[in-house]
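Notes to accompany the following structure.
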Amino acid sequence: MRLHLMTWPQVEAYLAHSTAIILPIGSTEQHGPTGLIGTDAMCAEAVADQVAKALGVVVAPTLAIGMAQHHMAFPGTMTLKPSTLLALVEDCLLSLVRHGFDRVLMINGHGGNVATINAAFAQTQMELDRLSPRPALRTRLVNWWETPEVMAASVRMFGDAVGSHATPPEVALTWALHPDLADPHPLVPAVAPTGAFFGAGDFRNSFPDGRIGSNPSLASPAAGEELLKIAADEMTRLASDFFA
Amino acid sequence: MRLHLMTWPQVEAYLAHSTAIILPIGSTEQHGPTGLIGTDAMCAEAVADQVAKALGVVVAPTLAIGMAQHHMAFPGTMTLKPSTLLALVEDCLLSLVRHGFDRVLMINGHGGNVATINAAFAQTQMELDRLSPRPALRTRLVNWWETPEVMAASVRMFGDAVGSHATPPEVALTWALHPDLADPHPLVPAVAPTGAFFGAGDFRNSFPDGRIGSNPSLASPAAGEELLKIAADEMTRLASDFFA
Amino acid sequence: MRLHLMTWPQVEAYLAHSTAIILPIGSTEQHGPTGLIGTDAMCAEAVADQVAKALGVVVAPTLAIGMAQHHMAFPGTMTLKPSTLLALVEDCLLSLVRHGFDRVLMINGHGGNVATINAAFAQTQMELDRLSPRPALRTRLVNWWETPEVMAASVRMFGDAVGSHATPPEVALTWALHPDLADPHPLVPAVAPTGAFFGAGDFRNSFPDGRIGSNPSLASPAAGEELLKIAADEMTRLASDFFA
Amino acid sequence: MRLHLMTWPQVEAYLAHSTAIILPIGSTEQHGPTGLIGTDAMCAEAVADQVAKALGVVVAPTLAIGMAQHHMAFPGTMTLKPSTLLALVEDCLLSLVRHGFDRVLMINGHGGNVATINAAFAQTQMELDRLSPRPALRTRLVNWWETPEVMAASVRMFGDAVGSHATPPEVALTWALHPDLADPHPLVPAVAPTGAFFGAGDFRNSFPDGRIGSNPSLASPAAGEELLKIAADEMTRLASDFFA
Amino acid sequence: MRLHLMTWPQVEAYLAHSTAIILPIGSTEQHGPTGLIGTDAMCAEAVADQVAKALGVVVAPTLAIGMAQHHMAFPGTMTLKPSTLLALVEDCLLSLVRHGFDRVLMINGHGGNVATINAAFAQTQMELDRLSPRPALRTRLVNWWETPEVMAASVRMFGDAVGSHATPPEVALTWALHPDLADPHPLVPAVAPTGAFFGAGDFRNSFPDGRIGSNPSLASPAAGEELLKIAADEMTRLASDFFA
Amino acid sequence: MRLHLMTWPQVEAYLAHSTAIILPIGSTEQHGPTGLIGTDAMCAEAVADQVAKALGVVVAPTLAIGMAQHHMAFPGTMTLKPSTLLALVEDCLLSLVRHGFDRVLMINGHGGNVATINAAFAQTQMELDRLSPRPALRTRLVNWWETPEVMAASVRMFGDAVGSHATPPEVALTWALHPDLADPHPLVPAVAPTGAFFGAGDFRNSFPDGRIGSNPSLASPAAGEELLKIAADEMTRLASDFFA
């Protein structure tokens, strides 16, 4: 169930028997020469939808723009300041908890969001701690691509070429959703360099086409479908435990 | 063209001949007993997509959550603090202007966003004014439902029952997108009361089912299709002028 | 009654029978070659004073500096960041509501303030919504120059030369207050150009002497007196309804 | 010269030979049973006006609302959060420095403002330090009632009954401006208690009628006129040195 | 070299040959019935001092108070809001980079700080990205207790009783620094429970004496000395690589 | 008693009979050619420790970094924005008051902190004023070097060469703590110039070696020991009164 496709009386009825909700979050950022700018949001949303279907849980609108400062030297990237993203997540959580949602699972598609989201969780708890009576809120953040079975499948499929940005698993998943946009032409070098990065300029110097350690040309819609299924099943189990 | 479905080299190529972009914004809020919580975001996005198709312009991800404080007494509504929404819009604009986008048209689906978006436009100009060299940014906000031809058509179709929240035009438009969710059963009263409102509790006291002055039971998928076409044509002309 | 000329026991006595207050707001910004920098604050305050006299209502100190970023390329202009003005208005409202003032009418003299004030109204409601018990606050913003009778009189007096900045109505009103500062010498061009504007530099490029679409040389102290009377009478009726 | 009564070309002409400006600041707060709520703003403004006349210097609009949290248990008091006042003063200074004003003298009427204004001075310098080229800004804050000659005159006139809030000097000064509002009826106790205070409730517990250590019944319009003259002369010398 | 024990000419001389600096950060929070409230700051500082000695690198003052919201139900805990800690770390980094320090290693003693520090790194890069010319800053965060050799030694020493809060390794390290404060009396239960936690109240419900999964009674000054040596050696190698 | 060396049950026991706490604050800034960068923090902490010993009162961790914007042209200086320091102090106070500490004495080592700390006191009271039930918090700020007996002793020891930055009293105190770092070599000029300062660049222009009006070469460890004793005795009496 997508929250945006429900009416308020339907939400009211839902809350009578469940206080669980999923809040997907992605990013709007370059994903190498062939990956889509919306990759992270599309992946998080796709996994969230499957979990929702399996568990009958509500999914809030995907936060499509995250913290992508380090990608800003590539056109099309959009980023929030961490302080803005922190406020955004806090406001979403305070909105949900006001209605009685007290289990919020954030399914995340972008590593750059993790720190700020966790900071927002703490800040929201601090805010709730000041109000009386104090509602109990439980939040959890899961990166869809980092659960054990998804990681195992990724390595099984793509070996050393998974990398850490514009990875074949995330690219494959978006190609499963949009097969017409699949672009598996060979890249040079096949596997992108790896390393640390700091500011946006520094990132582009080190990773001129935007990829880090990955070869997204290995991706395919079929691989994406398989990965989505694995991710959805595993995340469903995780969500089911968290919402219990 | 949806930004999230492009690659960064495609955005780079686009920027070589156009610096225009559309940024849709909606809200996640109750829309009466039969309207969808995502109505405002869905309408803004649908109109934006049509304009983009007509003009070959890029559309950034829809900001799905806006300022809906006054709807917070109805479950499912999510709201940002105005100061958060201000920062969110400013960050989006500063991201875009960094890449060279200097004409940003925000197509808006929710009246409650207008004030804060305009405040964000001014704050962004103030920030750009401090940087040197100063990039020139032009922004414009248009509420899709308030352009002359859309308003005329709305009155022609629904007369006195348009109202100002959970209106038949917006509801019809979402039903055109999701005919299976159309729910035209008669409401009581047929036309909701009107009046001023202040805080969230006050709103629900005055408008117990969430509608203001409207009768969304008059909506239909067919009316929605017609309205979408009118809105898209008119907005395309407006956008074309603005981007010129 | 001006709040600043009262003692606290007088305010306490007032609150026993009325919880209404007027909060005027203006701006400190260029008003063309002959208009005063304080025009917007002086107009709002003058109208507020008349309403206060007619209704026996308290008037808080005028907020003399508003959001005038777009006028910053003209010396003498002062501006607040929208986020600062938002906080300023919120703090004023929270101060007033703490004492029991729950009807606050803001009489505004500057279009550039509108968005941020409305954002502040919402943010204040959100803050009050979190406190318990929740005080009910009603706020209203009225631009003195945009009420129907004032607009009709403006057109009747100045026809096409009203324009939208450094307008003959506002200039006339200040000249009624300070006849010695009246400066009706002809300007070139007589009627200033109109158009859109974005940042401060852009504004000055398009409107080199600061006026937009107006011919303030048509103003006179006598016209100002007449307009002040019309505005005061109409605003008194509006205020009386709002405070009822 | 009051900035609000000037036109922008007059400001431009002024800046060609002087970059000095006075920014008065007061407070809107209880001043005991007989003192006016606007006392602090009226005093600061009156002194500033005299200095301006003597030196031919521009005076910006008075900031009428300051930091008066500790007076909030008395009706009519308005307060800004320190963080809001800090932003307000910073924005004013950044506005002025952009036009070339680089000597800003703040004449202050309220002790509760001092800390936050000084914090704002530092924050503004930090902001300017980041911009390039770095404009040099000099700011100075003077409390009108604390200069040596004013203090000596105050003690000479009122002895031990000066106190520290709702003092006879400030009350006298406002009565000089508004003789019709003079209310020298005896208070009980004649001299109010003194002591430390913390929060707003604590303040009212310790100082039930709002005065601290003062007997404003000793004030008179004549004393106020004399004090205003002393303050104006002394402040003019201070300002002249600072602006040199 | 501790920065606080240097003079500015010594810092100037240092910067002529090295731009590296260490910034330790801890927390002020409960550490179970026998652990010290300053454990995290003491551990981070002790390791930082050893690295500084080994490499001849400057150490900035330890940030002793971090983000410890979840420990706030235990007296003595102090916490910053994440937004405050974010600003604090950003200001420290901007101060250092202004002088030319462009390699900043933060040695951290508290898991609750990690998210916010990483958010601050990104926000600082965003700020630097707006300034021109853009200084290149490299930052790195290392949790002293999570490096491979320290973790291996911890398990070797304490097996399953390491746990995740008030752990024997961190407690041992503080006892090595303050042997007189060692308090190895047996606790009940010997090993504390484990599990997730959310708000402060929730934390204390789940972990009534403040420990998570640990048995700090196994700690000893001798074990602390050994661990400090292992941590210092390993961190020195890490720092040496980062500063290279 | 240093808070960081206590356990939470010890704090709980302490709170049963006392709600007093000392919070020292310093700065990390240049102190002339021979003074230590950590001078202000070391002095405040040393005095606080003596008071704590005398009164059996708890001392929270020293805030080592303050507001030192004006010293930023000298390498090694670190500064917080005033708005950051304000939030930092507010968070510390709100943390303490939550546990029941309601008398907080801040012993300060740096003049540049005073304004912002006082602003933070007011902001904290405003925050507490909104919560219910309202805890009563008393805060006090004392600059260790400005108490009457310390000032008298300083003048007795160093005459006209005390000055206002990098003063012999503060330098002597740090040399008493670190005799090996004493560096009393003659400076040129012996006594530094005095005067006003504004931004950081302005400061360094006026005071090229960082000192203001002082001759720290007159300092000695012995003088520092004597001053520390005087300061500790006097501050103990002040603290005892405040905590009573």
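Note that the chains are named A, B, C, D, E and F in the order they appear, and that numbering of residues resets to 1 at the start of each chain.
The definition used in the following text is that a contact is a pair of C-beta atoms (placed from the backbone, for glycine too) under 8 Å apart; a residue touches a chain by one contact, two chains touch by 3 or more.
Quick caveat, the model's predicted, so the values are computed rather than measured.
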item	value
Chain whose Cα centroid lies at the greatest distance from that of subunit F	B
Distance-maximising chain from subunit C - centres being C-alpha averages	E
Chain centre separation in whole Å, for subunit F relative to subunit D (CA means)	29
Averaged-CA centre spacing for the pair subunit F and subunit B, given as whole angstrom	53
Centroid spacing, where centroids are CA-atom means, of subunit C and subunit F in whole angstrom	46
Multi-partner residues of subunit F (at least 2 other chains)	72, 79, 81, 83, 87, 132
Touch list for subunit B against partner subunit C, complex	67, 69-70, 72, 79, 81-83, 86-87, 112, 114-120, 122-123, 125-126, 128-129, 134, 136-140, 196, 198-202
Residue numbers on subunit D that touch subunit C, as the complex places them	2-12, 15, 28, 30-38, 41-42, 60-65, 72, 74-81, 83-84, 87-88, 91-92, 95-96, 98-100, 178, 181, 183, 210
